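Labels run A, B and C following the written order; every chain starts at residue 1.
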Amino acid sequence: MGTIKAVFDYTLREHLRHKVWLGCALFGLVMVASALLASALARDERARVMLDLGLAANEAIALVSVVFLTVHLILQEVESRAVFLILTHPVKRSNYLLGRFLGTLAAVGLGMGAMGLAHWALLRLLGWPVEGSYLLAWSCSLAKIAIMGALSLFLSLALTSEAAAMSFSVFFWMLGHFSAEMRFLAQKSGNALLGAAITAFSHAAPDFAHFNYRDAWHAGVPDPGWALAAAVYALAYCGACLALAAQVFDQKEF
Amino acid sequence: MRPLAAAAAFAAAALASGAAMSARAREFPSLSELPATPFTLQDASLASFGLRAAAADLAWVQMLQYVGASLPGLPADRPGRPYDHLLTLALRVARLDPSFHRSYLYAAGILGWFRGVDRPEEAVALLQEGIRRDPGEPLYALYLAALAYKQKGETDRMIALLESAFEDPRTPSQMKTILANARKARGEYAQALALWERILETPRDQAQHARARLQIAQLKRLMHPASPLPSPPR
Amino acid sequence: MNALSFKHVGKMYRRSHLGRVSETVGLDGLDLDVRQGEVFGLLGLNGSGKTTAIKLLMGLHLPTKGAVSVLGRSVPDIEILARIGYAPEAAYLNRSLTGRENLRLFAALSRLPATGREERVTDMLKDVGLAHAADKRLSEYSKGMLQRASLAQALIHDPELIVMDEPVTGLDPLAIKEVRALILWLKGKGKTVLFSSHDISEVEKVCDRIGILSGGRLARVMAQDEWRGKPDALEDAFAASVKRTDGVGEIRLG
């Protein structure tokens, strides 16, 4: 636990000294622009458009940050050989990975929190009603970002090329939002083997289609059972990716 | 535990919880159900990046643009057939996000009640789609009933029914203006004035506030001919 | 008692590119024992296997055959790393952290108890002459300062065995003198020191014994009395023991 915390601390500090806050500044600009656009164009639905665009911008900026950071997270330390010194201390490689991952997630989460707070405050300031749970929508976005972080980390170690890892991460992000479509396609395919293959693929990709409270927000309050299952799903999917990353990392020589 | 064994255990937990999650989640219409428009690629791209609600918002803004003037990329309406593409554009919003209630009601309001449009069958089709997607939404049935009264010429009952939903937050401001204008056209200035005043008091109807001020002044002049003319909205 | 031992250790590097597999010998049946409390120097040309031997010792590489043991335990073993200090040939430290933060990190990773850890960090910074720059980021450090920070992390947990890879390469004469003094001070405290070097003159000044590596094998082991007071004895033994593996021929004059 102590070593995870030590790695977590330095990772968080490292990120906060580098790039994450640039994302927040960018978000500020996007949000102001979207607020202006929303009030000019959306008529009765200004609040809805402002809410959707704000949450979407928050998630998009967090996605770019988390994929970029996690893909470089270990490879850069291998490149700079900083990993030599860490791993020549009594640190389990899996603990090192976990500490690095959690530190990165915390940095991105802090950025998302700041963005979310600014967005929510702006909505309140404008007097636009926010019906539904902003916190739940924000938490779902954070969980999606955690899943993507764990997945990109695994891909960066399994593929070794940063460009390939980033491309596959974006591919999985899109595939994840198509999981419902893929299962629909599997049902309609008429070929049992093809159907099974598509279904298996849809389960291997993260199921973001059923996770996206941000998109389902306007449909009303979700079933509490859904929220619980979604939380377990996020933890389990992250756990599986991190365990696979640890398996690959254990085999590596430096 | 070895990493591979841990990965297998986590994967099993993800499969089980994923099944429970998807069984309880709200399903969206398949993207293949989107009506064919020049904007299909835009919609599919946004949806595939997890921005379905934002895609619906953009489709809503484009629909407003179409209603207000014209929408670049869309073929022009046939001569004498205004709002030729409105049903398609409204269905596009609805199928991107079936819970976009105001979009159904707004488009149905134009198709069913706008002077010179006269497409009640399209309004009915749209509202029926709304009921199919969201059977618990009472306003769709209420609008269908109001349309039926309109078809039968029972204007009093139609107005009374629509006014019962006047304060509902989902009622589009444009529908409220239709109602106020209907009162005015019937010479019911006091009732029309009351409706415009309610529009002016509702922050959500801000898009109609300038128009409401103008109408209130006009109605006051009609009711009391000595009152001064208002300055036009800036 | 031996502090570390290599028994018939082989290390083969396999690289695969476009379906073609190439193999390079890192170590080829290395047998070597280093006694507790001695200063042992590994001498050899580039590619002779010095760094490979050290990386096997530190668990950064895994042997293809044979066994390595350190302080009575087979490696790789995370627990044993708490008793070893490692200073690589360059300071592979995180440049976005300060000197103090870096040292704090390695103190935590080395499992130093939390109580007294901060004092130990402060003392160590003083010991290596970095007290004045403790709160500066490493990106502002000179090469000499980085080398000191690297030594500090290797010694922060008071290890029994100190492993240094090319500790004097690239240092100025004053810094070389300081490293020499440090090695002798560690020996005085009963620590075992293993270091690798190209520099024969440096090795003969501080080592109790040396091992000459050539082509991944131990070509010769010499004790201090074999070179002390005998000018050029070590250089002659080295020249006789090694053969070039880099494909470069001898310089022939006249």
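The rule we apply is simple: contacts are C-beta pairs under 8 Å (C-beta built on N, C-alpha and C of every residue); 3 or more make two chains touch, one makes a residue touch a chain.
Every value quoted in this text rests on a predicted model; they were computed, and no experiment measured them.
Asks: Going only between touching chains, how few steps reach subunit C from subunit B?
Replies: Steps on the shortest route: 2.
Asks: Considering A-B alongside A-C, which chain pair is linked by more C-beta pairs in contact?
Replies: A-B
Asks: Looking at CA centres, what chain is most distant from subunit C?
Replies: Relative to subunit C, the chain with the farthest C-alpha centre is B.
Asks: Select the chain whose centre, defined as the mean of its C-alpha atoms, is least distant from the mean of all protein C-alpha atoms.
Replies: Chain nearest the overall C-alpha centroid, as shown: A.
Asks: Rounded to a whole Å, what is the gap between the Cα centroids of subunit B and subunit C?
Replies: About 73 Å, centre to centre.
Asks: List the centre-to-centre spacing of subunit A and subunit C in whole Å, with centres computed as mean CA coordinates.
Replies: Centre-to-centre distance between subunit A and subunit C: 41 Å.
Asks: What whole-Å value do you get for the distance between subunit A and subunit B if each is reduced to the mean of its CA atoms?
Replies: Using C-alpha averages as centres, the distance is 33 Å.
Asks: Give the residues of subunit B touching no fewer than two other chains, as numbers and ranges.
Replies: In subunit B, nothing touches at least two other chains.
Asks: Using the touch rule from the top, collect the residues of subunit A that touch subunit C in their complex.
Replies: Against subunit C, subunit A makes touches at 2-3, 5-7, 9-10, 13-14, 17-18, 80-92, 253-254.
Asks: Would you pull the subunit A residues touching subunit B in the complex into a rising list?
Replies: So the residues of subunit A touching subunit B come out as 41-49, 52-53, 56, 59-60, 94, 127, 129, 144, 173-174, 176-181, 184, 203, 207-212, 214-220, 222-223, 225-226, 229-230, 232-233, 235-237, 239-240, 243-244, 246-247, 250.
Asks: Name, in rising order, each residue of subunit C that touches subunit A in their complex.
Replies: My answer: residues 55, 58-62, 78-82, 84, 86, 88, 90, 92-94, 96-97, 101, 105-106, 108-111, 150, 153.
Asks: Subunit A touches which residues of subunit B in the complex?
Replies: Answer in residue numbers: 2-4, 6-7, 10-11, 13-15, 17-18, 20-22, 24-28, 30-32, 47-54, 57, 60-61, 64-65, 97-100, 102, 106, 169, 172-174, 203-207.
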